[in-house]
Amino acid sequence: MARGAWSARLAQGDRRILFLAVAATVAFPLLWPLNLPIRVSREARAFHAEIEGVEPGRVILLSFDYEPDTMAELDPMSLAVLRHAFRRGVRVLVMTTYAGGVGIAERVLAQAAAENGRTYGTDYAFLGYNPDFSATILRMGESLRGAYPTDHYGHPTGELSLLQGVDRYADIPLVVTISSSALSEYWVIWAGGKYHARIVAGNTAIQAVLIYPFLQTGQLAGMLGGLKGAAEYERLIGRDGAGVRGMDAQSLAHFLIVLFILLGNLGFLLQRRAARAREASP
Amino acid sequence: MSAADLGVVVAALLTLAVFSFLYRDNPFYRFAESLLVGVSAGYYVVHYFDAGVVRKFWVPVVQQGQLWLLPGGVLGLLMLARLHPRGQWISRFAIAFYVAAWSGYLIPSVLQERILRQVAGTFLPAAGTTSVGALLAAVLVLLGVAAILVYFYFSAEHRGLLGAASRVGILFLMVGFGASFGYTVMGRLSLLIGRFQFLLQDLPASLRHISH
Amino acid sequence: MKRTGPILLGFVVGMLMLVQFFTPNPWIAARYNNVLDWKQVVFGVTLILGVLSLLLHHGRRIRRRVAGWSYSGVTVAGLIVMILAGAVFGKERGPYPWLFAYVQSPMQSTLFALLAFYVASASYRAFRARSLHAGLLLAAGVIVMLGRVPLGEMIGFTVAGRFYSLATLSDLVLTVPNLAAKRGIMIGVGLGMTATAIKIILGIERTYLGKGA
Amino acid sequence: MSDPAAAGWFQIERLPAAIATLLFAAVLFFFLRQARRGRPLFIRRIAGLEAVEEAVGRATEMGRPILYCAGLDPMEEVATVASINILGQVARKAGEYGTRLIMPNRDPIVMTVAQEVVRDAYAAVGRSDHYDSNDIYYTTQSQFGYAAAVCGVMLRERTATHFFIGHFYAEALVLAETGNSTGAIQIAGTDSDSQLPFFICACDYTLIGEELYAGSVYLSREPLLLGALKGQDAAKAVILAILVLGSLLGLFGVEAGRWLGGGGAP
């Protein structure tokens, strides 16, 4: 009986203690970093090689396909991609398929452009948000200027010097989607399937696990998965950011969760054993 | 105090209001959530109007004379008929247009990119062209995909060979869900790390700024 | 007219968008571009309608003083302040981007950060290897969780000079059984999506048009 | 179609997709017609449906209410429709046994439909007197507010059986955990990929993705859904055959994948 009560307590746990344990595990390495080494995955290397392979001066397309809810995972990726491209002299056309992505794109873009001394209109431009992501992605395969008659600030797109000679995916060596949703898949289906665009995707962890089939077939040329993916990319370009800074906390927190699963299941097994023992000896 | 510093303090208070849900559902949380719904809808609608009506319609039609966009405007107006109960049927034209257009381009693209190419990607490579490990992996993927198709096949009882295949299928599904499980946990923790970075790093910096 | 009209329009537009995929014919390509442009305008209006219905919903709650109506007041106030901020001061500077950065963004990102805590407590209290299937799921989950972070990547063993870590194992899980699972689901769901789309174009599926269609 | 003169009309690399489209449409059309004409089309019983009935029985034995959640999506979503079909079945059983059924809602339209379905189900088993529309009510639009309301019901009403059937989002975790901690029997069914793992670990039975749709078709026998399900099954059988054939050819060095075409990265 005593053992049953004890195992029941073990199996139930006190929520407040569990919450506190999580908070402490995450906070501790943020205040006192451990600087654990970071291994770079094959998918992240492929992603990096794609940007590395773009000739300086050419224009790539970067789509901010996320909103503030997943900023923590995806902002470090967008920033690292922009830093990498700008540093290499690759020009970047930026857009978003979410209205909530406008403010994020503007902030990240401003930071990366200022750091590298890039000018609006020649080195980069922001097309802003367009309603209806599927029609937008498809329309851009026919004509960028048709899809976006003006940029986000109302300048006619035809007049941007960045876009001279650039009007479809055929003129763009690489499309980068940083996405919190199935958008990365829709880029593959529409920009890739119909217009043969070359695509790499940065994804939230939740989305990343779903797109392995597209990596294997080559429909996606590279992928960054979650905050870990961002950290890997930061290491590849040799400039640490929020991704690398978060990895210690991420490591410890994962071990804590695994510990919780093991302890919880231990309690569950003991409880089940105790229940069986009771049944066996009434 | 700069607007940005004030902003960080406001953001911190609202962050704590949302975290208060951990204790239990309470008025601070409810306030924050209701405010979020309103403010975000307001943020969106300004961009919807700017991008959808001004930049996508008004500028090209009125300023650039692209009159072929007019039917889009008409369909948009039909959509507005929804606001009146007796106008519901008029808006059906706009809805039918929208949904059918999407359906039209969805069909071949999905069949080609999500089905045919995925099937092609599952075919085994020629014997001897890849390493033993890669061939083994390819065989496992083929086995898994085929077994899952059987698992989700509802036109026959799952007995005999079909039963065995579907039991294999569910095992593959479970490992796949396990991977999703791990990645979902990872994602949620990353978001928490983001908020803690804000509370432990950005906020103190702003507070120091203010107190100086 | 009320029933057949929309369905006929849907059929023509749907077939056009289907056929364009297979043909490089310039006339069809031009019509395809028209439809895409119009579709974006229609969608823009739909989005605005969505916000309007949110406003009406909360307006009703306030007028009727239903339980919790004051929270509806907060929502409506937030909405109106935001629209005014954008309309009066513009979307580039002033209160509109400020409210986005310091009110909307922190709350929206915290909402999902809450789940980290619930994941933790559920890990302890609810995620049970109650069957072979659930056990397999949890085992794969644990491997991926440990194998995708720096600390887990350091755990492993060396055979013949090569280091095999939890990261190797988790890569294997992701690129073999996980790939097969996601692909199997993807094919099934793809067929479902396509079937619905075909039914819509042929006018067999009409529920999306609302009651009485 | 390989005639070069026709090149301006047809992109030859899209031929496989064209064949797939025509074939699939034809198969679908065939089965839809069969279903509409009331031809007997076989689909197997879904194992999860037995678990549904057992779970209702369990609440009856314990003399405690049943909790039903239809997810967060509006009425037009497939998963919500499927959920309402299964709700009908649950309500029939609950009516027969005289067990109370509680259903908090997030969408007012889903609530209205659910009230009708439950009332009809009770009437069909001759227990209209058991029906109480107050047990099927609207809570709030807010995602986590809804979750909090549902968890409140679990704790207050000490519900013995929980159904989470429909499309769920991040709140799934909170629901399944609280339900698990009260010791209730839990049956889940959803097509949301990222929530399925949590349901599988925290519930006693889970209908996975298409199983949910099939379960609903099995119960409702609605011709449009039934025909589509059969059409998709036929397509799956064809795909299975192609997989085996293409792999055999592959082993002998024939790259059959090329014949399936497709664009994508060069």
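Should a chain be cited, it is by its letter among A, B, C and D, assigned in written order, with residues numbered from 1 in that chain.
Definition applied: a contact is a pair of C-beta atoms (placed from the backbone, for glycine too) under 8 Å apart; a residue touches a chain by one contact, two chains touch by 3 or more.
Fair warning: this is a prediction, and the values are worked out from it, not measured in the lab.
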{"item": "Longest centre-to-centre distance from chain B, chain (CA-based)", "value": "D"}
{"item": "Chains linked by the largest number of contacting C-beta pairs", "value": "B-C"}
{"item": "Centroid spacing, where centroids are CA-atom means, of chain C and chain D in whole angstrom", "value": "18"}
{"item": "Chain centre separation in whole Å, for chain C relative to chain B (CA means)", "value": "2"}
{"item": "Distance between chain centroids, defined by C-alpha means - chain A, chain D (Å)", "value": "30"}
{"item": "For chain C, residues contacting two or more additional chains", "value": "18, 21-22, 36-37, 39-41, 43-44, 47, 68, 91, 100-101, 104-106, 108-109, 111-117, 119, 121, 123, 125-128, 130, 133-134, 137-138, 141-142, 145, 148-149, 174-175, 178-179, 182-183, 185-188, 191, 194, 196, 198, 208"}
{"item": "Chain D residues counted as touching two or more neighbouring chains", "value": "14, 17-18, 21, 24, 141, 144, 181, 193-194, 197-198, 200-201, 209-210, 236, 239, 262-264"}
{"item": "Of all residues in chain A, the ones touching two or more other chains", "value": "12, 19, 22-23, 26, 69-72, 99-100, 102-103, 130-131, 135, 138, 188, 192-194, 206, 209-210, 213, 216-217, 219, 225-226, 228, 250, 253-254, 257"}
{"item": "Contact set on chain C toward chain D in their complex", "value": "18, 21-25, 57, 68, 111-112, 114-115, 118-119, 121-122, 125-128, 130, 133-134, 137-138, 141, 185, 187-189, 191-192, 194-196, 198-199, 202, 204-205, 207-208"}
{"item": "Touching residues on chain A, where the partner in the complex is chain B", "value": "19, 22-23, 26-27, 30-31, 69-73, 99-100, 102-103, 128-131, 134-135, 138, 148-150, 154, 156, 188-190, 192-194, 204-206, 208-210, 213, 216-217, 219, 225-228, 242, 245-246, 249-250, 253-254, 257"}
{"item": "Touching residues on chain D, where the partner in the complex is chain B", "value": "14, 16-18, 20-21, 24, 42-44, 46, 141-142, 144-145, 148, 193-194, 196-198, 200-201, 208-211, 214, 229-230, 233-234, 236-237, 239-240, 242-244, 246-258, 260-264"}
{"item": "Residue numbers on chain C that touch chain A, as the complex places them", "value": "21, 29, 32-33, 36-37, 39-41, 43-44, 47, 91-92, 97, 100-101, 104-106, 108-109, 111-113, 116-117, 119-121, 123-130, 138, 141-142, 145-146, 148-154, 165, 167, 171, 174-175, 178-179, 182-183, 186"}
{"item": "Chain B residues within the chain A interface of the complex", "value": "22, 40, 43-44, 47-48, 50-52, 55-56, 59-60, 64, 66, 101-102, 105, 109-110, 112-114, 117-118, 120-121, 141, 179-180, 182-187, 189-197, 200-201"}
